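Next up, some structures in structure tokens.
Below, chain A partners chain B and then partners chain C, in two separate complexes.
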Partner chain A sequence: MGFLTKLTPKSGLHRLPSGSFTVDPYGEVVSSTVPQWVPEAQIREIGQQILGVFKAAAAAHLQFSEIKVQYAAFKITARQMRGGAIIFLSPRTLQAISLT
Partner chain B sequence: MQNKKLDQLITQLENFLECWKQINYFINLARGKKFSAEDENQFLEIKSIIVQELELITAAIQCQSPSREDVHALIAGAPSLRYLGDSNEGSLRALENQWHKIYVGFQSILGQLKVKQREIEAQSFLGSIFKKKN
Partner chain C sequence: MAAPSKILLLDDDDQMLELYQELLKQLPSHPDVQVCNTGARAIAMLESEPFTLLITDLRMPKMDGLQVLAIVRRKFPQLRIVVLTGVLDEEYRSRAYAQGVEMFWQKPGTAEDIKLFQDCMESMLGRAHESQDGFRGVQSKSLVDLIQLECLSRSSSLLHITRGGLHGKIWVQSGEIIDAATGNITGEEAFKEILSWKGGNFEILPADPLRARTINNSYQGLLLDSAQALDEYKGPPPATHPDAPGQAPADHPSNLAALGGFEGVSFVLSIPPDDKAAVDSWSLENAQGVALWARDTHRRLAKIGESLHAGELTGAAGFGLAEHWALKPYEQKGLLCVGFRPAMQAEEVEQTMNHVFDKWAS
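And now, the complex of A and B:
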């Protein structure tokens, strides 16, 4: 899941997005607080990947309702919501990143 | 209302209700006083989504109860998890009670929309039968 490479624009430097969005069971984004400069297709892709993980877990009879994907500078937390999901995107500040 | 628009509205309201359920999760988190800075951020995000979703819903349907003001009052009464954690049990119960009242109110609206959806589906089904006969 190369989320970070997908979120980094090819031209120009942007901050990593912060916000949250919800997806329905079909992977369509229903509501979002993610800034508009983040391409909708990328948001949808993250949502679909997350739903894919939840579905695969359900198929494997693994009971979990929350996923945390943690990068050095970015964190994605997703919580299942009746087939859909709410996904939180949170860039980590320099102070929060441990250098050890 | 067209069937497609109604379907969209039902999806929107279902999504809103799922987010609304999350509020209750956070109230309980605050009650247990076991929350992190990340939980605090997520609580803020949930409230943002709820307030934005509410505007989309109220633009499509006029609901007297629960009103937009009821939802806003509850959101305004829960500025942060830290604030809720410092509140006494009585205040938390009052908040929970208000949350539940709104939850039931929106479930009722969702039910009404589903009734309408069935009516439209039945009409279009009957319509297609009569068209075939003619």
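And now, the complex of A and C:
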């Protein structure tokens, strides 16, 4: 088995998180259903970037309350809530990709 | 049977738009009345289809009615324009008439006023159908022609000249040029600077009799000196403001207008990959501001994608009560940001964005 472990690349596959979390206006995570194996710092970073998008939009006179972001294998939906936001993380399954 | 007249109604107040749209639809000729709530949108609509009459408010945020009039009069000299405003300012009135508007109406307050307004609009639409001939507006008049005209007729006026974000003023008193100003310079130097501008818009404002005289040369001498100076020195081109109200300068119309023809699209913004290159936009005020936001948003979302190993960022869309938007990156051409009307559903936004993007990318 030691031989096989040496041959297998360690960074080949990544698990994509699924779930939702809320952040307050300061970017602090208030509640979360995201699995515990996802580092809290990473969740906070996502929340802060999304809040940054909403805040910068207000400065550019763009008004919206919901954003949907599509990646090749992932989808983020975020909705603004009293200065904070609720953020949904959903990996795109093969079935979902074939439908879109 | 002749096609119904088309009226474009511009006001930043949605309730007023609704009310006047209803009033105008009741006219005996049953005109097709379309509405918009920003100057940039009005200009985009006028570019995309012919209208018989434009009815505009004066006080609006960002691009006000006078700015709209200056652009519309230059681009659409045959269009009839009526100002409908709550502003009862004599200067506004004279500036609007100087821009060639047909009528200046205070917003009707009584049933009689409304009836009178409707009668006038009906009469104007009738006249518009009877004759399309004759000279309208002041298109393509050079600044030298204009100055000569003012001086030969021994007029007293203030010429206000704009080119992008540049502003200049020339004071004419009884046919003599007495002063000029642009930026921090005044007098003959300012006059020569203004004359070096290759194009722009002008207004003839009421004279300012209190203005002190700083130029004593005759107008013929001034024009001659300016012409010689221009011949001898071909300096750098004057600064232009690609994001000035009205979007792309009139002599470089945006080539994104074709993308604006898709159903539900309210603005189009093409952002090149190079941060320093100029953006191109259609029907969007504050294009530079939105472009900055779009670049920043793209960076933020791409960063999230990298941290999650989520794959390439393929697009994003925002949904609001006033407007929706969508953003898509394309390696060679940068970013495409498109605005959509709020009545559209998320699926419609996604589908239309894909069509617009395909056309833009190709």
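Just so it is clear, the second predicted complex is superposed on the first by the 83 of 100 C-alpha atoms of A that agree within 3 Å, B and C clash if a C-alpha of one lies under 4 Å from a C-alpha of the other, contacts with A are read in each partner's own complex, and residues count from 1 in each chain.
As a convention for this text, contacts are C-beta pairs under 8 Å (C-beta built on N, C-alpha and C of every residue); 3 or more make two chains touch, one makes a residue touch a chain.
Just so it is clear, the model here is predicted, and its values are computed rather than measured.
Trainee: Will chain C clash with chain B on chain A after the two structures are superposed, or do they fit?
Mentor: fit
Trainee: Please indicate which partner A:37 is in contact with in the superposed arrangement: first for chain B, second for chain C, both, or neither.
Mentor: The answer is neither, since A:37 touches no partner chain.
Trainee: With both complexes overlaid on chain A, does A:19 touch chain B (first), chain C (second), both or neither?
Mentor: First partner only, chain B.
Trainee: Which partner chains sit in contact with A:90 here, chain B, chain C, both or neither? Use first/second/both/neither.
Mentor: first
Trainee: A:73 in the overlay: touching chain B, chain C, both, or neither? Say first, second, both or neither.
Mentor: The second partner, chain C, only.
Trainee: Decide which partner touches more residues of chain A, taking chain B and chain C as the two options.
Mentor: Residues of chain A touched, chain B against chain C: more for C.
Trainee: Is A:81 touching anything from chain B or chain C once the two structures are fitted on A? First, second, both or neither.
Mentor: A:81 sits against chain B, while chain C stays out of touch.
Trainee: For the superposed arrangement, tell me the lowest C-alpha distance between chain B and chain C in Å.
Mentor: After superposing on chain A, chain B and chain C come no closer than 10 Å at C-alpha.
Trainee: Using the superposition on chain A as set up above, list the residues of chain A that contact both chain B and chain C.
Mentor: Comparing the two interfaces on chain A, one with chain B and one with chain C, no residues are shared.
Trainee: Quick check: in the complex, which residue numbers of chain A touch chain B?
Mentor: It is residues 19-22, 24, 30-33, 75, 77, 79, 81-82, 84, 86, 88, 90 of chain A that touch chain B.
Trainee: Going by the contact rule set out above, which residues of chain A touch chain C in the complex?
Mentor: Chain A reaches chain C through residues 14, 16-17, 42, 45-46, 49-50, 52-53, 56-57, 59-74, 76, 89.
Trainee: Can you check the complex and tell me which residues of chain C touch chain A?
Mentor: So the residues of chain C in touch with chain A come to 286, 289-290, 292-293, 296-297, 300-301, 303-305, 307-325, 346.
Trainee: Taking the complex as given, what residues does chain B use to touch chain A?
Mentor: 11-12, 14-15, 18-19, 21-22, 38, 41-42, 45-46, 48-49, 52-53, 56
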